Amino acid sequence: MNPQKTPSTSTPADCEILELISYNRELYDKYTATSVDTVFTHIKKDRVNWINVDGLNNQDIIEKIQSHFCLHSLLIDDVLSDQRPKAEEFDDYLFFTLKMLYRIDGTAIDYEQISFVLGKDYLISFQEKEGDWFDGFRERIRLDQGRVRKKQADYLLYRLIDIIVDNYYNVLDRIGDLIDETEETVYQNPSTRTFTRIQNLKKELIFLRKALFPLRDALSKIVKGESDFVKEENLRFFSDVYEHVIHLTDSLDTYKDLVSSLTDIHINAMNTKMNEVMKVLTVISTIFIPLTFIVGVYGMNFKHMPELDWTWGYYGVWGIMIVMVVGMLAFFRYKKWF
Amino acid sequence: MNPQKTPSTSTPADCEILELISYNRELYDKYTATSVDTVFTHIKKDRVNWINVDGLNNQDIIEKIQSHFCLHSLLIDDVLSDQRPKAEEFDDYLFFTLKMLYRIDGTAIDYEQISFVLGKDYLISFQEKEGDWFDGFRERIRLDQGRVRKKQADYLLYRLIDIIVDNYYNVLDRIGDLIDETEETVYQNPSTRTFTRIQNLKKELIFLRKALFPLRDALSKIVKGESDFVKEENLRFFSDVYEHVIHLTDSLDTYKDLVSSLTDIHINAMNTKMNEVMKVLTVISTIFIPLTFIVGVYGMNFKHMPELDWTWGYYGVWGIMIVMVVGMLAFFRYKKWF
Amino acid sequence: MNPQKTPSTSTPADCEILELISYNRELYDKYTATSVDTVFTHIKKDRVNWINVDGLNNQDIIEKIQSHFCLHSLLIDDVLSDQRPKAEEFDDYLFFTLKMLYRIDGTAIDYEQISFVLGKDYLISFQEKEGDWFDGFRERIRLDQGRVRKKQADYLLYRLIDIIVDNYYNVLDRIGDLIDETEETVYQNPSTRTFTRIQNLKKELIFLRKALFPLRDALSKIVKGESDFVKEENLRFFSDVYEHVIHLTDSLDTYKDLVSSLTDIHINAMNTKMNEVMKVLTVISTIFIPLTFIVGVYGMNFKHMPELDWTWGYYGVWGIMIVMVVGMLAFFRYKKWF
Amino acid sequence: MNPQKTPSTSTPADCEILELISYNRELYDKYTATSVDTVFTHIKKDRVNWINVDGLNNQDIIEKIQSHFCLHSLLIDDVLSDQRPKAEEFDDYLFFTLKMLYRIDGTAIDYEQISFVLGKDYLISFQEKEGDWFDGFRERIRLDQGRVRKKQADYLLYRLIDIIVDNYYNVLDRIGDLIDETEETVYQNPSTRTFTRIQNLKKELIFLRKALFPLRDALSKIVKGESDFVKEENLRFFSDVYEHVIHLTDSLDTYKDLVSSLTDIHINAMNTKMNEVMKVLTVISTIFIPLTFIVGVYGMNFKHMPELDWTWGYYGVWGIMIVMVVGMLAFFRYKKWF
Amino acid sequence: MNPQKTPSTSTPADCEILELISYNRELYDKYTATSVDTVFTHIKKDRVNWINVDGLNNQDIIEKIQSHFCLHSLLIDDVLSDQRPKAEEFDDYLFFTLKMLYRIDGTAIDYEQISFVLGKDYLISFQEKEGDWFDGFRERIRLDQGRVRKKQADYLLYRLIDIIVDNYYNVLDRIGDLIDETEETVYQNPSTRTFTRIQNLKKELIFLRKALFPLRDALSKIVKGESDFVKEENLRFFSDVYEHVIHLTDSLDTYKDLVSSLTDIHINAMNTKMNEVMKVLTVISTIFIPLTFIVGVYGMNFKHMPELDWTWGYYGVWGIMIVMVVGMLAFFRYKKWF
């Protein structure tokens, strides 16, 4: 009965979808298994038991967890289907679900739903995909860094949410950088590619909004102290994450305004370019169309055209035409067309 | 006095506009009839009695139901005329009305108003048209699948609303797909047809909004526990539908933003195309108008035009013109016009 | 002292600006007079007394009514000047003012302010113009149809407001029809006339909004049961009108979005038409300007132009030009310009 | 000690910046002086004492008033600097500040800040500039017209605010007229001047909004009965001004929508005009460019051009050209370009 | 033990990042040091102790302050990282953080985060950079000007926030001036540079909004009297700053509307200019293209062209062309194109 050795140092297998970390101030155990029943035997009353489930396809595991912890069927539905972030208090546990962000490449953001069930001495986390966002934090628990080993399961929940929300900052900062980059491009070269990029940024902000605003409400519910599963003393921590989420929604609004401003800039740059094209056409046409008329006049085959016989007629025509061109260029200069 | 056999297995007739399903944990009866009085005789106190009325044209049936259940005349007005979704508590029953969606084809959505009267041991549902959304669920009741036979009429109301709200998801998902399809089209071929499609999507979202937002308020009223006809223990179920409706309104807002973004993309694509047309015009005009002037010069009939007599004059003009064309092409390349 | 005969059957005179309908379950009297004092003598304590004043120019009548019913001077100011719809509770009566709509022609809507003073056994209604909206209802009272003769003055107020609000539905339906009509026109023929029509619809919606939103607040005040002059049992009726007004404001928002969508469609149709014009110009210019250059070349008068002497030179030029035209048409087809 | 005679009939001097009107039901005195101390000696306990200060540059007067009435230093700061309208309750007085409007010319509106300090038996009013808005009302007090001599200082405050708010109506009506005038102009002649006018109207509405919305909140504070210095019986009067201000803000929103609609109309009118210009260019170019090509063909100098020798060649070319012109005009007519 | 002499008159060194001002009604001491422990020894219970930290890079100082005043670790995180303005009450102190503005040049605004910790007898201020905004105020404390020496630490906090908020006014006034300047430019010369300037103004307003709106909420928290560290008697001062911040947010909204109006003006000015260019092109083309056609006609080489042999043919053609030009000019004048 000394599992401390093996699990905590075991090499992570590809197939590990179930993991239990069980700790208190003195002890720390980590078990990974694919059999739920094995895991349940290691849950200990006087410790914080963190059960992490990676991937939601294994019906069997989910059902066993449901029956072991008496989870409501609606809760399991919420874990398995796409939900808006929310906090819901049940009789024996608090349910919390939110979105985790993955920035993959370009402007596209990938989302994963992560759900938590917080009981008196346990925390279950359900992740859609295997992730390693929490690996660094697991190591901190093992090495007893920070406050976590001295606190209960509600503090653990706070830390996990905090890690997820911190990642939102990274994503928003990247979007902020993209907006700055695009702004520089758009002034110089307002192409369709730039416009597509602006629209994609806008789209990402729309989806981020859908993930962030309900999260704010969910956290607000906890911060107001409505939950029995978060201790009074730890409310300030949740309040801190709550403030961060509000800060993020502020930034979101700011970025939304900036992107909408980018669209204006793009449209203006397009128009400016178009105007330039039109001016070139107008200048060229306005200069040469009258000249072409003049040379056309002396291309007529009338028998009686006195000018044709003048010795200096040809040179006179050139003179008139040069005067006209100079006059028109002066007119355009006056109109500030170039 | 053993109606169980006949009704529940009877073949449904086209004319059936009145149907009674009466059940409890042990028993299940289904009666279809056009005579209201016959139906009333089969209502039993210790069961859940679900009376479904298809079509609202039969004045006689409506009036008999009104007098039998003592329904308020305003309530009957609301059932018969177009209403915004609402929940209204009367002394002896709860009235709930909402819109059911039918996606027919293209982007057009068809609506049907469905109203419920929830009493202590009965639920009356009024449908404008004969529908079969509930057929699968009727079968579940008959076969005693799920929780419904163990619960009362309020749970039945929850299930029916849940089925309707689930269908909203289908409709919104289809709209989401259409938005994605249209976005791809609009970048490549911004025709008036695409624009009409975008406007129609916008219109459907406007109408959906009109159906969904009041539904949220109506459900919120029930969730707050204000109704005497929904038991405390079943509030969580209504709360779940309520969450779904909020999720839907979030998606609606998201789609609204996406469609408005589509309009921007369409306008930009139109402008880009227009600019391209203008550039072609400008390039062609700017190249050939000066050339036409030059050949016009040597088409003049002046007697004294020395160039005309030069042996290489003709080739010289070609040389000058080729130099001009190359120069202008370089200018356009520099201006990044093509 | 038996006035029942005469008034109720008297022919209405043009000058009748004052009218008293006095009724209870058994009796019904109608008096029309221009003298206020005469009317006052017919008011009976145990009946509902409905005094209707048409036109607000007769200072004398207004003042006599004010002093007889002890109306507050601010209330009389509100009756006589343009007011936003509101409900205001005084010590001895409830004051209610709202706008009545008259659709005259085209899109223009005409408004009339109508004010009510509801006392314990009387209702005074002030109308700006002589109207006959209430005539059908007066007849119903006389014939004792519906509930009105069994109810008190507050129910009478409800019925009158209900009639006015029902008329809003007519007006909004007409606007809905106009929007549909305009939408069809705008796709085919986006003229300035269409645009003016859209702007006028927008304007009407802006003014309707100004009439409807405060009405909602005024009714909400009554529905909350704050008034001593509306009996508890009749609140549900006012609640029903209130729901109708909310339904109307929803429709208003919907129509506002549709009209704003119409503006977008108009602008797009204009741009599409403009683009078409530009394309025709560009196609014609791009085809003929180079051709004109070529024929210009062979119009030059150089002595040494070998092509001019070739036997097939002329036909060769035509050949080159035909090839060019075909090439350009292929280019335009490729660019999908027509 | 009989000042009644002199002040009330004294000729107003240019330099009068301090004025005391002291009245009750029986007595009325008016003193104008530049020395504050003189004025203070005339304040009488059993009367309403209205002290009006014109111009805020005389530090000495302000400081003496401050120390005599024990005004808070923050209050004096608010009187002297630009403030948003507000009502603030101090221990011994109520402070109320709002903006007065002066329409000078064109669309420009001039603002003046006016502040009131309402004590138990006095009202101090601070005006930035000498104004005569209140002169008519002063005369009414002197002649004992209306209710004012029968009421206390809070009623006086109501009347002064009411006069200021009434003036807002004048300004808004003028803006409404300007919007109507501009709308007619903009359809016919959408010049830059019209556009500037629309933008100026918009600007005035933005500034009006800044003056009106906080005033609504300030009055709302008083109407809720939070102030000890406004008697219960006079609340209805303040409530009436409050309703007027809400009416004004409604109108402001309406005007804002109308002006934004004007901008749309202007842009559309500009575009329509532009399209017309483009159509003329296109029609002329499309007709003459092909004709010019044809005449160019027969201007070529090839030796072998059989058409040139035909007797009817010249007339044939004219024939072909006339057919082309007719065809193109038919095409334009079909396209509905003119 | 007589430090009064030295610190208060000591010359400020570049490296001073820690400063203690300790005062009460009678005494005033100022110490600057880089060693925290030295500073702590000078803190006296019966005085107001203001500790100012310039620069947040010295980990050691921050940690020592944290442990000496028992500051929460989350608070220190907030001081060190970018935060939205907020007020947070802890058990032993009130935490307040806000943004200070620096206008550097052009339209760019620089921000600095400044945080305050208000205890019973001390105030700690953390500044990112060394600033001299408070230097004038330090001098006022030393010379015992104003109220500050008679008040406690909460009044000191008020004064510091007030100084920061006053600076917001300067920045907003400068933005107001820039808007006015830009408006004049944009009417005359709507260049890309003007547009960039408008967009930059818009951007600054977006960022200002992010700094000001949360500050309003933070101050509102204090004004509501929720804090134990701000005395009842000083609430009015905070309320005054609060009013200023609301005034600022009002101005911000106003400026936002004005800048958005500027964008409209810019777009209109661009379009007007474009239209002018198009009109010149159209006028020139429309006049000369038909003329060129006519001279082309008589440049044809048909053998049988009777007009060519007419004596007055040449002059006749000129006559026709002059008539055409006059006609077209009349047409353009009629169309009001110039």
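For clarity, chains are labelled A, B, C, D and E in written order, and residue numbers in each chain start from 1.
Simple rule for what comes next: a contact is a pair of C-beta atoms (placed from the backbone, for glycine too) under 8 Å apart; a residue touches a chain by one contact, two chains touch by 3 or more.
This one's a predicted model, so the numbers in the text were calculated from it and none came from an experiment.
Under the touch definition stated at the top, subunit D and subunit E share no contacting partner at all.
Although subunit A and subunit B carry the same sequence, what matters here is overlap: shared residue numbers make up under half of all numbers found at their interface. It takes 145 degrees of rotation, in steps of 5, to superpose the Cα atoms of subunit A onto those of subunit D.
In this assembly, the C-alpha centroid of subunit B lies 44 Å from the C-alpha centroid of subunit D. Centre to centre, using the average C-alpha position, subunit B and subunit C are separated by 27 Å. The set of subunit B residues that touch two or more partner chains comprises 278, 281, 285, 289, 292, 296, 299-301, 305.
Taken pairwise by the contact criterion, the protein chains form one closed cycle in which every chain touches exactly two others. Order of chains round the ring, from subunit C towards subunit D, by the touch criterion defined above: C, D, E, A, B. Residues 72, 74, 77, 83-84, 86, 189, 192, 195-196, 199, 202-203, 206-207, 209-210, 213-214, 263, 266-267, 270, 273-274, 276-278, 280-281, 284-285, 288-289, 291-292, 295-296, 298-301, 305, 307-314, 317 of subunit C are the ones touching subunit D in the complex.
By the touch rule above, subunit A contacts subunit E in their complex via residues 187, 236-237, 240, 243, 246-247, 250-251, 253-254, 257-258, 261, 264-265, 268-269, 271-272, 274-275, 278-279, 281-282, 285-286, 289-290, 292-293, 296-297, 299-305, 335-337.
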